[in-house]
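Listed after this line are the structures, all set down as structure tokens.
Note that chain A is present in both complexes that follow, paired respectively with chain B and with chain C.
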Partner chain A sequence: MFCLSEMEEDALKEFFNMGLGMAAASLSQMVNNEVLLSLPQLKVVPYEEATRMLVANEEEKLVAIRQNFTGELTGTALLIFPGAEGLELVRTLLNEHMPLEVLMELEQETLQDVGNVVLNAFLESFTQMMSLQFEFEAAEFLKGSSSFLLDISSHLAAQRLSLLAEADGEEERAFVLMMDFKTHDEEEAQHTLSGFVVLLFSQYSMEVLKRELKVILATL
Partner chain B sequence: MSELDVRLLFRALEVSAVGTIVLDPEMRIVFWNDWMEKGSRLRAEQVLQKTLLEVFPELAESRISRAVESALNSGLPTMLSHRLTPTPFPLYTASEKSEGNPRMSQMVLIKAIRDTSERRFCLIQIQDITNTVSREQMLRTQAQELQAAKENAQEANKAKSDFLANMSHEIRTPMNAIIGMSHLALKTDLNIKQRDYISKVHASAQSLLGIINDILDFSKIEAGKLAMEAVPFYLEDVLNNVANLVAMKAEEQGLEVNFQVDPGVPLNLIGDPLRLGQILINLTNNAVKFTRKGNIVVSVRMVGEKEEEHRVTLHFKVEDTGIGLNEEQMARLFTAFTQADSSTTRKFGGTGLGLTISKRLVEMMHGRIWVESAPGVGSTFQFTAVFGRKGKERRRFRLPSREMVGLRVLVADDNPVSREILQKSFESFSFRVTCVASGEEAVFEMERGIMVNKPYQMVYLDWQMGEMDGIRTAKEIGRRFPHAHVPKIVMVTAYSREDVILAAKGAGIDAFLTKPINLSILFETALSVLTRESQRQPGVGGELPVSPRSRDAASFAWRGFKVLLVEDNEINQQVARELLEEEGVVVVIAANGEEAVAAVHRESFDLVLMDVQMPVMDGYAATRAIRADPAFKSLPIIAMTANAMAGDRERCMETGMNDHISKPVHPPGMFATMARHVAPRAPVVAPATMTVVREERAASVKEEVIDLPEQLDGIDLAAGLRNLNGNRKFYRKVLGDVHARFQDVAEKFAGELQHGHRDEARRLIHTFKGVIGTLGAGVLQRLSGEIEETLVKGDPARLPGLIDGWKPEVARVMGALERIVVKVQPVSAPGVAAPLDREQLQKIFGRLSGLIDEGDSDAQEWVAKAMELLAGTEWSGLMERLRSRIDDYEFEMARETFRQLVSSLDVRL
Partner chain C sequence: MDNKTVLVVDDSSLARMMIRKIFATSFKEWQLVEAKDGDEALGLPEGRLRLALLDFNMPGMNGIELAEKLMAKYPGLAVYLVTANIQERMHQRAESMGIGFIKKPIAESKIADILKPFA
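Take a look at the complex of A and B:
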């Protein structure tokens, strides 16, 4: 089992904390209201556990925004909204009270926009710390069960690079960085936005990440 | 990449349908395609090499500029949705409208791209989504409208249901008063006209209630609020109930209703007995309504059984020989508010809801309903329904001894349908049955049986059979065979039992059965007749056993029971109180729940009848309060409510009540429900209770000490009283009624004969014979019977002689009755008549004379005045006769009576 040292984990948390601050700022600007995000709980867990953490019911369809990244570090960033209540903020933004099943084109786009803002905030803090080069693909809207969403091979398959690279046959084990977060809005509870930010790395990328963390910690 | 390829790609980007901008690392515009030129109204030459913010100063500090920075600095892509950033770029759609161009709705993608030297450039792509936005806006508006409409509809539907529930209550409360009061009124002294009016009010109120119930049921079904119960029940009880309800109506029309249950049909079922009964009653009532003559057969057989699931499918059939239906009518039959055709509606009445309700109910019982019919031949309505089975028990009929198995039974009935039913029924009890179609054949068959040494042990005779009716057959059997060979004789009749019991006096009948015959009763009667020593002693009247039907709630001895009636409405109080008191129940009234709780703590009751909706404290709260005291844990509390919606019953039970009676109160139903919850009284009642009861009873009876003479000429008063259950008040009334109706029977009878109306004459003498027998005028009854018999079948030459012998007896009995009628006039100073107000009399008679001559019904009013004046005098008898003739619009005869009065009173006109 791959694991991070306490120091490494702290460092990661610090990156994400900064990302969180930026995300909160962006969201606040978008809703013209101060949005606070709680401290993230960071966990490095294998696929199975991550699936369990996400939802009790594996069959339940979840809504997620995905941003793949490629380059020296390859993986997938996901913003997963667990259940309908997570979308209250979006509803407020849309000034809508429609059930999720009838989310139409523009609503999907809006969700994608919000997810994009949140993910960018995280990823930006991440990339600014690292000396690694990687590129980001545009945000995409997804719907699926937790097991589908957390399966890195399904994301890799969707990556442009995987079309070029030869499949190495080795079964990819996903390593999942998971944070749950929540927005706070003292006056208006409907501005709550909660969800999971998930980073899925291939085993190889996880090694690269660990190495990079070591470098960062050494320079501090 | 060759020069040509680069130019080609450049051109492709220029004509792309997506707005495309490329910024260099310093945010200067290096590419601006055709689409951008059109949307921004700026040509490429005007913007190239300028920074984005130089071209669009308003974009400073916007999401776009931050996204561009983020792409150039960190390589992060951004997507700007329309919702959150509706018009990021100042772009316009091409529009025909002269008043300027609307701003374009856009979706923007901002991405980082690297050139060959790894420098980050920024690619901006813009899509025009104006159409999508307006389309979605439209859909959203529509969806909102639909949502609002749906909410409105749901609200309206709920309002409708509430309205119905309220209406149900509001309608039923006055209906209770109308039905209850007319029921009570019919038990009081009424003249013929009043009786006619009130019985029509009563019948109309009943049928109105039926219609209201239909409409409520229909609404409940429509609203999906009708729930099927799943309780254990006996199929037989349901059929019994149907028989009781339709028999009277059928009898009025001279129709026979026969019930036929296949031996294989299980009788212990689980389902909704009320709803099953409702369907059967509806179909059978229809059959009666649309049939003028012939038969109605209700049959049940089993068509499927799932042993492991304890479920059976039963097939019910209601066959009639009525007007029938054609194809087109059949097709429309089960639709709401339609009848076979509009003229049918007018002729036969009805809402047409009954079949629709039946159809839904059948569907709820997982069955189907259909009809087979031919115009003029008759209709067969049939349905299937699925029920649960309780236990394996199939039949409740088990002969108590092996000796009875194979017992020989002879059935004589001229109706083939009832013959077949009796045969099948007896066979199902494992008797051996032979059927014949007439009395003569029955006697012949019995002789044959004795000859071959296989005598019959039991004979069932239909009363009404062509040549030789049941009574004559019974007499013939008694006469012809030695005592040892006389079987048990059971008389079967579609007419009222009282008539036939009277007629069959002395014929040696062991038991009587009324059609439609119910299996249990048939079985019980057979057993009781067989196990009893022969009662047969010709000439001895004695107590004749009757079928066990009389052993139901109606004959439950209510005398001395004490009931607390909790009811706020005064009319309803009166209705219930009088119904109960009539049966000898002692009634204490509480006007609300609080009083009820106080009452049960103050004195003890056998049962509480509890209204639910009351002021101060309602029935639910009162029940809970009473039940809270462990002393009243087992006190029967029965709800009495006008709420007929589903769930009311359940709610009553939940609160701790034992049962539920729905208003309007159906008296037999009320007593049946009550009987379920109280133990029959032991013959000896505890002395303490008895005293109380006596006191209260005495108080209520005191005012009406019934004065009956010690003896009456030609009438056995003791026998008459016995016939009327010892009810002196009723007996006195009957005596008066008979006098009023039949004092001129001799004249009437002679008149009918004179005009050749033999049928009318026969009917008259038949009725007279029955009635006079009830009074206890045995001689007159016998003489009348002989005349009837001679009229029906006999030597017409004998008739004048018989009539001559009969007339004096009529006069004797009528004379005696006249004296009693005079005597019972509720008037002062018996014996000594007050001096007549001659002047007044003169005036009234003067007026009456003209009115009677003209046949004006205003005469009634003046007769009443004259009666007041002449009450208690020797003329009151004649007055009574005058009144009844005027009430019957027989002015011709009234004139004659009037003349008698005039001459007797010495009035000058």
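Take a look at the complex of A and C:
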């Protein structure tokens, strides 16, 4: 059974914290508002449980930007907004008084741009700390339930690697790294936006990450 | 001999280990005191601190809240937030309090820069 030592887990959380810190700084510039972050949560769970964790955290209807990455590290990064928060972000970014139908037309394109900036900033922290190469696929805009967002059959990279996991009889598992964020406006306390970031790594990538963490920790 | 003590507060042991290694390798004249959060830092026995390196996103109080308390407790203390998350409002608030920033990931050159006034 795959597991991480306490130090390895701590190190991974710290990378995640740094990544989302950079992402929050980018998002803060875009919304011209302070973005507050929660402390990172990390779990190694089967994909199904990852779905349940998301359901437990938020309502069924979600809007997300999903960005797969492939290479030495393979997995999925998701920037998720519950319910109408996605539209709220578009409203904040574009124009407060824009009619709803216009906002809805621009929702996909705008959120894809936001997702691209946030998730890239976030994933770059991994490349800063580790000598790993990976590439990002294009960001996808998704609307639906959490199980749909995490659906392994629609996740190209995991699809390929889950075959490897099945070969040694183990259930596909994933790192689930989650952090909540919300905007904070001191003048208009009611006008806030919230969401969360989820990072899933394939089984193979988890082993790669563990190896890489060992190397880093050995130098300290 | 001038006693140079630096307080490092970060909930991540990795972050603390990285800073510890930099000081142990390149700035051996400094003594390190570590804490994993604000409460632990404020509960440390009083001593002469010259410098504090604080994480921002920690359990309990955040880095700026801790800085405020430490600066009241140790007048003249130089405080830096060590974080990847540098946002405009946070920057303004910290700057108005005389707090500096070090952008994570931490590196020896970044520590060397802030230690220049202590040379």
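Everything below uses one rule, namely that the second predicted complex is superposed on the first by the 161 of 220 C-alpha atoms of A that agree within 3 Å, B and C clash if a C-alpha of one lies under 4 Å from a C-alpha of the other, contacts with A are read in each partner's own complex, and residues count from 1 in each chain.
FYI, contacts are C-beta pairs under 8 Å (C-beta built on N, C-alpha and C of every residue); 3 or more make two chains touch, one makes a residue touch a chain.
Computed from a predicted model, the values in this text were never measured in an experiment.
K.L.:
Have a look at where A:113 lands relative to chain B and chain C in the superposition and call it first, second, both or neither.
P.N.:
first
K.L.:
Between chain B (first) and chain C (second), which, if any, makes contact with A:25: first, second, both or neither?
P.N.:
Second partner only, chain C.
K.L.:
Quick check for you: in the superposed arrangement, does A:14 touch first (chain B), second (chain C), both or neither?
P.N.:
In the superposed model, A:14 contacts chain C only, not chain B.
K.L.:
Which partner does A:128 contact after superposing on A: first (chain B), second (chain C), both, neither?
P.N.:
In the superposition, A:128 contacts both chain B and chain C.
K.L.:
Please report the chain A residues shared by its interface with chain B and its interface with chain C.
P.N.:
Touching chain B and chain C on chain A: residues 29, 128.
K.L.:
Chain C touches which residues of chain A in the complex?
P.N.:
It comes out as residues 7, 10-11, 13-14, 17-22, 24-25, 28-29, 34-35, 37, 39, 125, 128-129, 216-217, 219-220.
K.L.:
For the complex, which residues does chain A have touching chain B?
P.N.:
29-30, 67, 93-94, 96, 98, 102, 104-107, 109-110, 112-114, 116-117, 120, 123-124, 127-128, 134-139
K.L.:
Within their complex, state which residues of chain C touch chain A.
P.N.:
Residues of chain C touching chain A: 11-15, 17-18, 20-21, 56-59, 83-90, 104-105.
K.L.:
Under the touch definition given earlier, write down the residues of chain B that touch chain A in their complex.
P.N.:
Residues of chain B touching chain A: 63, 70, 74-85, 107, 109, 111-112, 129, 132-133, 136, 139-140, 143.
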